[in-house]
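Following this message is one structure expressed as structure tokens.
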Amino acid sequence: MTSFLVAAAAFVLTMVTLGLFVILRRWAEVDHMMVAQLLGTGGVAILLLLAAATEAPPIVDVALLLALFAAFAAVAFVRSASSSEQEVRETASGG
Amino acid sequence: MKLAFDILTIFFVSAGALFFLAGTVGLIRFPDPLTRLHALTKVDNLGLGLVVLGLLPQATGLFGALKLVAIWLLVQLSGAIVTQLIAGTVRHHGPHG
Amino acid sequence: MSAAALFGLSGAALVGIGLYGLVTNPEPLRKILAFNLLGSGVFLVFGVVSRRAAASGLGGDPVPQAMVITAIVVAFAATAMAIALVLRLLQETGRSTLDADNPGGAGGKS
Amino acid sequence: MTILSAFDIGLVVLILAVGAATIAKRDAFAAVIGYVVYGLLLAIAWVRLSAVDVALTEAAIGGGMTGMLLLGAVARLRLAKGSDARPSFPVRFAAAALSALVAAGLAIAVLSPPEAIPTLAPMVMENLAQSGLGNPVAGVLFVYRALDTLLEKVVLILALVGVWSLAPDSVWGGIPGLRVYAPPSSTLTFLAQLLPPVGIVVAIYMCWIGAKEPGGAFQGGTVLAAMWLLVMIAGLKSVPSISQRWLRLLVVVGPVIFLAIGISGMVLANAFLAYPPGYAKPLIVAVEFALTLSIGVALGLLAAGPPERVQPQ
């Protein structure tokens, strides 16, 4: 059972790696923001599988924080993309 | 009993892993950000749901199982909202912004 | 090679990567980023020290772990301070670089 | 065990690749996003090193808070024209050689462990029972090296004073220039209503569980800070001016209670920061709760930055 769960975690890690590679190679900012989503689901799945495989329940708490902060990071990405435009306008009018 | 639980785990976790694969394929193959976002969010969330379902038989006690479900609910809800936010940025900037 | 040694080597490599970025990147913000990378590499090496000294019933020595937790929080405070300095520099000079050949930067955008 | 080693190798390669990308990317926004990914991945690495307390801290601070801080700066620095001039090739080559040398030195140090591995773990475990705590890391932070933890809180406050004092004189005591989300967005409002209640429960849980399992004041405080920032960014609560008395009180309440208990330890337990026998655990939990609040407010204010205006917008 343990080796099956670890293998599943390794598989999801491979998928996350592929996803990250594809996302970070693209130019569009919108694509970059998706990494928060990717880790919010994939990273949480990896941690939950590791928690079950190594029989260490506290790892589940790391998954909980990862889920919470992935959402927080996504808000940070979106805010940054939105405020930079406004900023440029403000400085342009301010001289 | 233990065996039945283990078979359930193997079945659901494998199904979940398959959905992660599908999500990644979508991320690589789909042509524009909105469809890629769609693939990533929906399919990966389903994958995580199946992984959680598969891990429930292995959970330690009722509290452990409830915590797993709570994490999945959190990812599901926040993921859905965050996707809306990101998609809103796409509309704002245009597909290549 | 043990898992601990593997993570220790990656910590060493991260220190190298961070140092390179710190030296070669001209923008202060990127220097701050590189410095954080360097710091996390050092923390990883500490994690290996902790893992090696695993005692009975423990995954690792708790003393280095507690130090790393403290260090992460202090690194965040230092990063916040550094960013405030860079933003103030921008406010004063309109520039975000530390070029020596253009000192003073008396107002306006470069 | 071989699958686990394969997992570890894959994780390490991914972390190094993302770390290198963070340095190599030309675009600052992409670099910072890379850094956030790096922080979240590092949390998984800490789990693999059996340091769950550190993993919690790294996920919260390395991934979430530092990312928020750096992205706020990226948005502003965009309009500043930075120098595009990268150093010349010889300089870069020398830097690469120097970095490789340092990394190699560290690698040799990692690969050649000392004969007798120095460890304080047995001593910690011996004394842990007396404190009534179950989490050895919390034991180190609040019993064994309590002075370090207290001084770290002081460092946080000093850093906050440092950030505030970078404000121009005219806006001293004003409102921090936290970037709020520019267009009003009902989606973000919904998230900022949904997530904080969950976050507050998680913060209290972190703080409470910290006494016996991984978790504690740092992790709980960081979650509180993130939730506070989220509510402010969404515009549900305005950013408070830094001259507010309650704000300053919250920043110092944790360290003050910690210090008070430490000084009373001189009378009741014959040493600074010692706890009277039998009362160690309740006192530590009380200190942890007060510190969680203070850390939350201090980290939130650090991320919000120096004051920028006197009047609310």
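So that you can tell them apart, the chains are marked A, B, C and D in the order they are listed, and the count of residues begins at 1 in each.
As a working rule, a contact is a pair of C-beta atoms (placed from the backbone, for glycine too) under 8 Å apart; a residue touches a chain by one contact, two chains touch by 3 or more.
Since this is a predicted model, take the numbers as computed values, not measurements.
A.B. asks: If you tally contacting C-beta pairs for every chain pair, which pair wins?
C.D. replies: C-D
A.B. asks: Could you put a whole-Å number on the gap between the CA centroids of subunit A and subunit B?
C.D. replies: Those two chain centres are 12 Å apart.
A.B. asks: So how far apart, in whole Å, are subunit B and subunit C when each is placed at the average of its C-alpha atoms?
C.D. replies: 32
A.B. asks: When the centre of a chain is set as the mean of its C-alpha atoms, what distance in Å lies between subunit A and subunit D?
C.D. replies: Centre separation, subunit A to subunit D: 18 Å.
A.B. asks: Can you list the residues of subunit D that touch 2 or more other chains?
C.D. replies: As it turns out, subunit D has residues touching two or more other chains at 4, 48, 52, 72, 74, 76, 183, 188, 191, 195, 198.
A.B. asks: Using the touch definition from the top, which residues of subunit C touch two or more other chains?
C.D. replies: If we look for residues of subunit C contacting two or more partner chains, we find none.
A.B. asks: Pull out every residue in subunit B that's touching 2 or more other chains.
C.D. replies: Residues 74, 78, 81-82, 85, 88, 92 of subunit B each touch two or more of the other chains.
A.B. asks: Can you give me every chain pair that touches, using the contact definition above?
C.D. replies: Chain pairs that touch: A-B, A-D, B-D, C-D.
A.B. asks: Within their complex, state which residues of subunit D touch subunit C.
C.D. replies: Listed in rising order, the residues of subunit D that touch subunit C are 4-5, 8-9, 12, 15-16, 19-20, 22-23, 28, 31-32, 35, 38-39, 42, 45-46, 48-54, 57-58, 61-62, 65-66, 69-70, 72-74, 76-77, 80-83, 85-87, 91-92, 95-96, 98-100, 102-104, 106-107, 109-111, 113, 117-122, 124-125, 136-137, 139-141, 144-145, 148-149, 152, 155-156, 159-160, 162-163, 166, 168, 218, 295, 299, 302-303, 305-306.
A.B. asks: Quick check on the complex: what are the subunit B residues that touch subunit D?
C.D. replies: Its residues touching subunit D are 74, 77-78, 81-82, 84-85, 88, 92.
A.B. asks: If we count contacts the way the header does, which residues on subunit A are in touch with subunit B in the complex?
C.D. replies: Residue positions touching the partner: 1, 4-5, 8, 11-12, 15, 18-19, 22-23, 27-31, 33-34, 36-38, 40-42, 44-45, 48-49, 52, 57, 60, 63-64, 67-68, 70-71, 74-75, 77-78, 81-82.
A.B. asks: Across the complex, what residues on subunit D touch subunit A?
C.D. replies: So the residues of subunit D in touch with subunit A come to 3-4, 6-7, 10-11, 14, 18, 21, 29-30, 33-34, 36-37, 40-41, 43-44, 47-48, 52, 55-56, 59-60, 63-64, 67-68, 71-72, 74-76, 78-79, 179-183, 188, 191, 195, 198-199, 202, 206, 209, 213-215, 219, 223, 226, 229-230, 233.
A.B. asks: Per the contact definition, I'd like the list of subunit D residues that touch subunit B in the complex.
C.D. replies: Going by the criterion above, the answer is residues 183, 185, 187-188, 190-191, 194-195, 198.
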